[in-house]
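Labels for the chains are A, B, C and D, by order of writing; each one numbers its residues from 1.
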Amino acid sequence: LEEPLIFEIGHAETTGVDLPEIAPGGPNRLGGMERRDPIGLPGLSEPETVRHYTRLSRQNYAIDLGLFPLGSCTMKHNPRLNEKVARIPGFADVHPLQPVSTVRGALEVINELAHWLIELTGMHGVAMSPKAGAHGELCGILCIRAALEARGDAREVILVPESAHGTNPATAAFAGYRVENIPANADGRVDLEALKARLGPDVAGVMITNPNTCGLFERDMKAISDAVHAAGGFVYCDGANFNAIVGKVRPGDLGVDAMHINLHKTFSTPHGGGGPGSGPVVLSQALSPYGPLPFTARTADGVVHLVEEENAAEFDHTSAFGRMTAFHGQMGMFTRALAYILSHGADGLAQVAEDAVLNANYILRSLDDLLDAPFGDSGPCMHEALFGDRGFAEGLSTLDLAKSLIDEGYHPMTMYFPLVVHGAMLIEPTETESKAGLDQFIEAFRSVAERARAGDGAMKQAPYYAPRRRLDETQAARKPVLAWQGAKGD
Amino acid sequence: MRYLPLTQADRSAMLDRIGVSSIDDLFVDVPEEARLSGPIGGLPLHAGEMAVERHMQRLSRRNLAAGDAPFFLGAGAYRHHVPASVDHVIQRGEFLTAYTPYQPEIAQGTLQMLFEFQTQVARLYGCAVANASMYDGSTACWEAVAMAGRVTRRKRVVLSGALHPHYAEVVRTMAKFTDDEIADALPSLQGTPDNEGLIARIDDETSCVVVQYPDILGRIPDLGAIAEAAHAKGALLVAVNTEPVALGAIKSPGELGADIVVGEGQAIGVGLQFGGPYLGLFAVRDARHARQMPGRLCGETVDAEGKRGFVLTLSTREQHIRREKATSNICTNSGLCALAFSVHMTLLGEEGLRRLAACNHSLACEAADRLAQIPGVELLNDSFFNEFTLRLGTDARQVVRRLADDGVLAGVSLGRLFPGVDALEDGLLVAVTETTTREDIETLASALQEALA
Amino acid sequence: LEEPLIFEIGHAETTGVDLPEIAPGGPNRLGGMERRDPIGLPGLSEPETVRHYTRLSRQNYAIDLGLFPLGSCTMKHNPRLNEKVARIPGFADVHPLQPVSTVRGALEVINELAHWLIELTGMHGVAMSPKAGAHGELCGILCIRAALEARGDAREVILVPESAHGTNPATAAFAGYRVENIPANADGRVDLEALKARLGPDVAGVMITNPNTCGLFERDMKAISDAVHAAGGFVYCDGANFNAIVGKVRPGDLGVDAMHINLHKTFSTPHGGGGPGSGPVVLSQALSPYGPLPFTARTADGVVHLVEEENAAEFDHTSAFGRMTAFHGQMGMFTRALAYILSHGADGLAQVAEDAVLNANYILRSLDDLLDAPFGDSGPCMHEALFGDRGFAEGLSTLDLAKSLIDEGYHPMTMYFPLVVHGAMLIEPTETESKAGLDQFIEAFRSVAERARAGDGAMKQAPYYAPRRRLDETQAARKPVLAWQGAKGD
Amino acid sequence: MRYLPLTQADRSAMLDRIGVSSIDDLFVDVPEEARLSGPIGGLPLHAGEMAVERHMQRLSRRNLAAGDAPFFLGAGAYRHHVPASVDHVIQRGEFLTAYTPYQPEIAQGTLQMLFEFQTQVARLYGCAVANASMYDGSTACWEAVAMAGRVTRRKRVVLSGALHPHYAEVVRTMAKFTDDEIADALPSLQGTPDNEGLIARIDDETSCVVVQYPDILGRIPDLGAIAEAAHAKGALLVAVNTEPVALGAIKSPGELGADIVVGEGQAIGVGLQFGGPYLGLFAVRDARHARQMPGRLCGETVDAEGKRGFVLTLSTREQHIRREKATSNICTNSGLCALAFSVHMTLLGEEGLRRLAACNHSLACEAADRLAQIPGVELLNDSFFNEFTLRLGTDARQVVRRLADDGVLAGVSLGRLFPGVDALEDGLLVAVTETTTREDIETLASALQEALA
């Protein structure tokens, strides 16, 4: 059965909510702006609503259904306890502008999470308000810009490795910087000498991902940081891959000045089909004064304060570059992330990194006889295993392998990223997969890889067993249909 | 650890396959001096569910939940009743734990939902196209300003004084780095928004004028007049709505000529949550502007067998394709909140939304009349939907704090929103929704009367 | 992917719960009964557990997925509000033996629900403790037996119509009665004259279902009751079909002495894949004194009391026939049912009955050109439509049609019940189906009915598109495998 | 009404198709005088979610939730921590809103779960076969007695005095109608169960002897000796367990020779819920007795393609097939509670169950020692798992009530369980689980000391 659109089954007069009937057209104080025309919003009764969304949900793949081998995206299990605590009325049913005397617990949560993020990263401060990873990146780059401006130093360039996430250059550009690439060396890491050669008074900083998007730890990270600092720049670290090192390595010890943390990656707040995210940014001592408002601070008396525009001076924070968002950030994600950190504890978080790296290396070594592993000879990977499409039969691509993997019951791995590897396949199993689950996945992956090498043309039409066959993305983009075009009446 | 499935036997077997003798050997690329020698300072060892839940419960009890007090706060975040089935749907693992729908063959659930969501938002806003959501209203507001700059190729932004001050501050913050010029103002404390003053600030260099509707004082500006003036100067009108329920009672911004309509969708389906996650809504009246929009867009197409299906589309605007040339650096939407909004809106339907709006307005009218009877209290607004401004004749911040000590959450003082502006300090914003009872209104009235006596 | 058993993927040492490690074998006070041998219970981590059950769940059909046309079973939408209120800690986290001063609210819920059940049925009392419909039946029959014994009248026979649910004769037998059938007349109802002829001093009572299992209202109900009463017997009414008349007709007005109410049918507590149920029994004035303990009673001061063995005398209830169960009945179902009743209100409940009957007649009249409707000519049906297999091609049965319906995306209707109709198909759509949903179902049903008439042999192997093909029930019963037979170790 | 999808237009169209002019015409078979003329007396009109939820919340606040007080009640219902994922699973619509799995092709989810559940219960109980669950422990106990009668064709039932009095009362009630003879007794207030006395009551007419393990006073009887004596007389031993967690620490009844093992499964996964719904467990040591069992059974088989699958089986025992010749009139199991039990047990696993049991026992030992220090308080038990009996030297009911007024839920008095038995009235049953904190124990100790002073 195909699931129709709500616009095809709903009626304007149907409602799944019982509310008193109030005659329209009576006296009102709407300033003459009363709405008269139909809006075009169909309603469904509760039974129809629950069924519609239940059926829709079953066309999705999800972590609860199986492994999500998405390199760089860290799709791991979402603990149900965290869903429960986020729904405690004392957190879920609190207004952001309530008098601080009535929200001490909420401020405690923010402050406690901030504290552990600082400890886990070895940094000095943290801006909690950014709404997602890319927002956090922007926040970090703006801190760098604010710090440079504060010393009257108008630098223009941000250096970004070729293998960076697309958000990195987009963020730098959005913050008004010119983006230049840093080359990689043969073993997939930043070319330290090339970087040093490029540094100079026009370079505001570098944006580096560590572990990098090839799944490798940047061995020279500290040297890179030292060089950048020596040249008067700052080091931004993309925290997307923090899951590989949480509890094991502190970016602050490597000289990083700013790093965003995707709470939905390392700290497992649910991905939700594309958000909401949450992107706190940890900051070095040099950048902390420039972090945006609001934030929380615990004073010597143990009280946690909310620091906003009006009391920034009391907390010696008048250099804040401004405000990234209304209110205080993603509280609902903070409660989940804090519960995650406390549940795992110091031992559990280190185990997270260890098991994530173990699982990735297990996959690397279980597939590298069949697939080209471009950096496989240079030692272990971190939490993700990278392969290229060398050895595939003529005419078959990474995309075909990915879509064939769907027929095996799995979500595809990350494809064509990083750009530095041809037909890249980046696989991140995460620590929440069992060995039995990995073995099953490896078997499925080997089967599609063998078909790709053998030139099984049927792969070009995969998937066959998904809710939909391949979708025509070109048509969607050429003649965009972005809203239902039916009538607004019934 | 309950979340980690590997047994010690598994780990050994896996290390064997990899060909190393210990997990440490896998971290060989991490320089020795960078490895933590012991556990993270001060962080306790792993804890059971009971211990964690007790800790969180203990913290939560230091908050006064809105449901446990007479509650009148708004100012950009509204407390509405969310039907139980909304939370049921968003807890379905297939929605909750799904990834961004980049693989459309196995993500039609999320994609069809987004397509329905986009249509609902577009219709609510009176627009042609809405995107798949942004972080929240304030960041959507900045994205609208940035988009207006791209469309008009102008750099001067006129902000209404009655725009939510956090929104204005986000725009000002971002503009510092993009070199946009921001013309802003303070709200005028009068019953009707100062349209003339606003219109007078629009000039030939203006990329857009940003107007909140209803505005931060609860008044309902005549967007039509502003749109006309803006268009006459070649500027766009960006309308900002923070209370979508209002649009069940008043004309849509698109209908009144707004070019970009953005807002906060939290009021429908999402809940208060101390400010986040919320739901940024973003729509354009003219479909031709779609390619200038930021954020994800879901579009209809067909699959290889000709069946209708949905995909993320026009991604050539986006950072993962365009990198530094993208229309925005945004790469997340607020997917699960969009789902909650869409489910709640589907339950409401047009009839439900209109009733909900009527019920909010009617209770707000009652409350305004009741509170205005208190000696020394004056109702500012000539027009309002479910939120209005009272003048108390004394510093409203103090009054709010005092009432909070008595367990009454009286509203948002203008002093909290506009710190340091003496002219506004006696203003109190009071929001009333269907969750407000008549007893709540009476409790507030008595407490206010006593506080002002 | 086939989902393995937990025994095939779990390990004795794996656990999804973090608990302190306490060394076994230390001193204890277990009286020398310490367990030493392995138990054989595998554990799974939380990610594996959530995934296992999520995947399993997707092999089920459910109301949330589609229409459930099960006659006599009333599978309707389960409101999510009811799930929410049942989980309020003040109800869910209360012990049945707490001092009554600490459970006043729980007693209020029971008493309030009892009050509305009495009002809705026009009866005098209600026994709330029975755990399910059949348990309620037993309770009602035991009340009858206790009442008869109290007057020294040892009757031996219970009369049951041929079309009765199997529980009716089983219950009567379990309560020590001999069961005799009452014949039906040509239009599918109890033959009043035959019944009258059988009544006598050995007949303890009759068990009647009204609306009956042919989906028809027993027009002569009052006359039946009068005749039974005149002969010194009692009238038990099976309340399985109360959904057809709730808010429209009160069984008490028709002379019923006892009737169980399946809260999961009429009042929509969730079916849960086979329970838990809840079967309060409403009682006439004559039977109320014999109802079992415990129950609740509100005194003139407004206080609700718990009446148990020790204070039965205070409440003038020393004739209670005993206790059906430990504690007070299905509290978790009471909260849900009460929320259901209050949500619908007087108008909504009557509308429930009306829409349920309307939907059933719509199906009856949309299919009766294609299917034999044995009582279709004698007027409208109540909340379910009954068809027979007359007109099916040779070799095709109701079972084949049912299994083919699975391939159309629906759960089969009730089959081969009532026994009085050959190849019976009993369809109850309930009031929570939309017209669009019914139209879609009718279309699917017509298609399989046409195939059955045309003799489409492929139907014999249906379903084709379900998680499983037809299962071998004979093998299951002949060589029962009722537990996993693997080893208890890992 | 939010739950009723038909619109007025739908209703008209449907009446047209049916060929009648009004809904009333469909009720033509209901005699005029039987039709209600107006709405049900006193029942208000339909109400929105908010109103209903507020009403239920108001009622709930008149209860003292166990989590809001130091809590020590047991006596057949135990408070354990239930992991959050258990409730998540049982709220999946595909489990929550599924029907009894009579159509196995589209019910493998429920069926496989039941098969796993049956195996878990059988292993926990040390039995060969368990059924798919019964209403609760007390009704399962009666069903065991009835089954023993069928197996032995005898009519005399010996109940241990230390059987839960509600369970005994259910057996006595049912036996009144089946003419079984019940030999019962009161519990002996001594540190060790009176096995000799019980054994002495078994004779050649005895169908079964029913023994609770641990018993109602918390003591752990030596089932092995009773089994031997029963079997010597041709009687069956029915073991009753009301705290399954105990079986993580003590030998299973099956291992000790019990023929039928029944019990209450509520402690694992289900919660307190003021007494229901609970979960009756029912198992037999000897697989040959399976066909005499009551209730649903799930069995393994194959489908037409040879794939493993599960079905409800041996239904020839059941009422819908056998009608008046069925082994029981039962037709429901406690499906969703069985699911909760099975999910929780899967999360625990053997290691978790043993740890949970060890943690319960160790805390209970601490508590017993601490409370026995109070002047006037005496610990009765020589053996116990997580529940024990204190003698207070005064009417324990009064003490329990007084402590409840102070917000301490001190336990279950024997007077509540055995009203009118003077010899037992100073007994207090105290249960301790992993949810009990040391502070709770101290609070109870102080309150008890004060009450007894």
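Of note:
The working rule: a residue touches a chain if its C-beta (ideal position, glycine included) is under 8 Å from a C-beta of that chain, and two chains touch if they have at least 3 such contacts.
Protein names from UniProt, one per chain: B, D = Probable glycine dehydrogenase (decarboxylating) subunit 1.
What you see is a predicted model; the values in this text were computed from it and never measured.
The greater number of contacting C-beta pairs, out of the two interfaces B-C and C-D, is seen for C-D. Subunit B and subunit C have Cα centroids separated by 46 Å.
Centre-to-centre separation between subunit B and subunit D, using Cα means, comes to 48 Å. Mean C-alpha positions place subunit C and subunit D at a centre distance of 20 Å. Contact with two or more other chains is made by residues 1-5, 7, 46-49, 83-85, 87-88, 91-93, 347, 434 of subunit D. Each of residues 11, 13-19, 44-48, 50, 54, 58, 63-65, 77, 79-81, 83-84, 343, 432-434, 437 in subunit A touches at least two other chains. Taken as a contact graph, with one node per protein chain and an edge wherever two chains touch, the assembly is complete, since every chain touches every other chain.
Residue ranges on subunit D touching subunit A, taken from their complex, read 1-5, 7, 46-49, 83-85, 87-88, 93.
Across the interface of their complex, subunit B is touched by residues 2, 48-50, 81, 83-84, 88, 91-93, 347, 434-435 of subunit D.
Put simply, subunit C touches subunit B in their complex at residues 11, 13-19, 44-48, 50, 54, 79-81, 83-84. Across the interface of their complex, subunit C is touched by residues 1, 9, 18, 45-48, 50-51, 54-55, 58, 63-66, 76-77, 79-80, 343, 409, 432-434, 436-437, 440 of subunit A.
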